[in-house]
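Sharing a structure here in structure tokens format.
Order of writing sets the labels: A, B and C. Residues in every chain begin at 1.
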């Protein structure tokens, strides 16, 4: 199909007025403390770090910085709770606590959504419609498992592991906290959670929910701080298991730190997913899928479809439609209900993305950006495409973690499968085709832990998520998500 | 003494989301053991059963196609509402002969049972489904689906736990049901109906009838729109009658005993399997 | 002729619709949308019991929507059964409101081609500005696309100077693939507008079928350079729905289609709901139906 003859004009005279989410009912404290042993306490050395709103660059609150002593206290509290009330409780009762937390997240959902958007930069529509509901659902799902573990693994008795250290990233702060807490608690463990340093606030509200839910003190402890705090947790002798979501580089560091220590760990690391569009795909819906895969959440998604492969016969149509669709993406104030793409999470991440875009241009990639107007203050990046690039380009190999898509064409299916797998990563992948047999064949051949056919970036608490190769090991979600937090023993008869 | 005149409860049945008397307008008089207090309980007719089956059939497609998460939330809400009504149910069980402590325990167990089964809604599929490694290039998967309209003859000897224990697994699995509550212990029916009604359980998904087993067992076991029947009891004649009648449309019949409704023994995903079908699908794998 | 059938993924369409419906249209942009929507309405009466008086009353409403609120536009057109064209033309003399008539054995389309063409010619002679035809769904569903196209072709010819709207009756087509294919056939065969439904069966217009038709129109324009109009009809009675359709229009087809020459709402009670919203937007007070005339 020839496309370029009559290009569309999508610049309408009818524009949308601002539709700001009202936030006066939300109370953000001036400061937040550590949550240790059921109470909010300041750090031993009294230090704080500012949490900034990336859309305005203004400080939202100051948050306590945990030091070595605080780490000891938190882990000790978790240990006491583990050996005390938490393991003495029946599994059914444990489950009921998680049902309570799920319900309370639902009750405070608007507050959580607003704070999530203020703290992290993601659009209110996303936090309201995706992040918070999924977080509640995750607690709801795992609550039900607590007293059913006998059925989960045939021929095995399931026993908790002990005290877990959980380190989460800044791209889905509350949701990542839910992904970590829910299965760990359902399986009878206690934990110390470290939120990301740029997005601690929803974890603080979660701590408040946990306190209100009357969870026994010490079962959940939340300590805030930077990367060094994470290192301390990982290396602490009082921890039985580490769960980490973050960059592959740090994941490898963790593996080295734990070598020879006989500790359990799971890692959910980076990705550079291939998103494959065949000529026989439903093209308009594939365009939506591409947009979902790389531009939403500002591209801060480990499983983002950052390498687009388009069958050559439809490449022109797809590229043109993609560019036109990008023009309708609204970049701006995260608290505006019409915003599609919010603020980049931090100045560091913005610089990182910008440097990759420069590299891409230096490497000879053809750049296209939508004509959105970026606000003067705050951290923003326009949705960006690179065409005329190949597997050998750095921007095609390395994870950018921003709204930057690299487009390649392919001619045959075996070629694209090889290229899709031609990466050290293996977190996710996408396939767009109307042909059923091809879906099954291609998904079977892509070496990745989550593959979406005719959709992308879909999550559900019952659906296991995790990577192959350097994208990590272990799964979160589903029955498989219980495994990392259990010791499976044989019944002795 | 308090001179206030109580507003006495009217005990109706629950059909298609509405509180209804029997279309026959018959009732039977239920009394406490010491015959001091009595209540008029609806005596369901075959037409009430017919109407209930129609309601259950119409409600099936909607209920079974809701997400498992949604069903879980609704059943959990039933537990929430029941928790709030504990006192009323304890009183009704006590009136039916239970000591207050036993009544209290039974109500708590019923609530916990609902929480238990709510937690299975989005999980049993994962345990009992499979991707099958067939010896040909096909993607072959087996998944569970709800059986359909389930007729339930609730245990004679329980006023609350047995009823809910009979219904919950079928409900969680996406089925709709028509339940006959025993003439010996009918007093909690109204409170149970009110709980369902308040919990966003869609109309027609659970229908509760009170009446005489002897009158209704023939209808329950012969109706051609009923896909499965779950019977609680040990009466050989009743069982033979049911199993003979079930042959008419190949109803799936489950014969259950005390063991299958008591709290300590019955909680299990296998109870859900009673009212599930399995479907296996094949699709080629290739370019 | 071989017809290429573009594939449409239903779930993908539903999700795109859901995202478009999450747009929040406020203040001035809401007022503009409401006024625009009003100017795009085809005020419709298609009842077996329609009489000339009924039609005259509707025509008066069309040009006097709400006298107590100045500055409101007229609706785009009146839509009536063919025998009422002359009555409507007379009643609307001197106004900008167009007269559209349904023809071709509306709503079923179950009669001979000759009968349909006679009806269309008569309607054109009687002065209809626009003629709404129905496609032969039975023929379409049995794969006889050539027949469907040829019929549209012949009707277009019989229309003379009148614009042709082709009603797909999407409720009977069921799948979005079918909606897309029928859209492409209609446009290729000469339709000036494609229209979702007769409004006589359920479901009538839905956001999903409308989005698919917009995508078809967009691809057709790119390929052939001709702009075809769109009319969702039936089931659109609330302002909120109308605004959602305009959002969908704006983000799929753009400014060029945001006018009554290329977009219409086939509706009867929508007008009053929009009027209530317009007054509410201006006064801040929620309105009552008692204050808005029924035709």
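The criterion applied here is as follows: a contact is a pair of C-beta atoms (placed from the backbone, for glycine too) under 8 Å apart; a residue touches a chain by one contact, two chains touch by 3 or more.
Because the structure is predicted, anything quoted here is derived from the model rather than measured.
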item: Topology of the chain contact graph, where touching chains are joined (line, ring, star, complete, other); value: line
item: Most remote chain, CA-based centroid, reference being subunit A; value: C
item: Chain pair with more C-beta contacts, A-B versus A-C; value: A-C
item: Rounded Å distance between subunit B and subunit C, as computed from the means of their C-alpha atoms; value: 49
item: Separation of subunit A from subunit C, taking each centre as the mean of its C-alpha atoms, in whole Å; value: 44
item: Distance between the centres, which are taken as Cα means, of subunit B and subunit A, whole angstrom; value: 41
item: Junction residues of subunit A, two or more chains touched; value: none
item: Residue ranges of subunit A in contact with subunit C within the complex; value: 1-3, 5-19, 125, 129, 280-286, 288-289, 328, 337-338, 434, 454-455
item: Of subunit B, residues touching subunit A in the complex; value: 68-69, 72-73, 76, 112, 115-116, 118-123, 126-127, 139, 269, 283-287
item: For the subunit C and subunit A complex, residues of the former touching the latter; value: 6-9, 11-13, 15-16, 22-30, 32-33, 36, 215, 218-219, 221-223, 225, 246, 250-251, 253-256, 258
item: Contact set on subunit A toward subunit B in their complex; value: 92, 95-96, 99, 137, 140-141, 143-148, 151-152, 413, 436-438, 440-441, 444, 461-462, 478-479
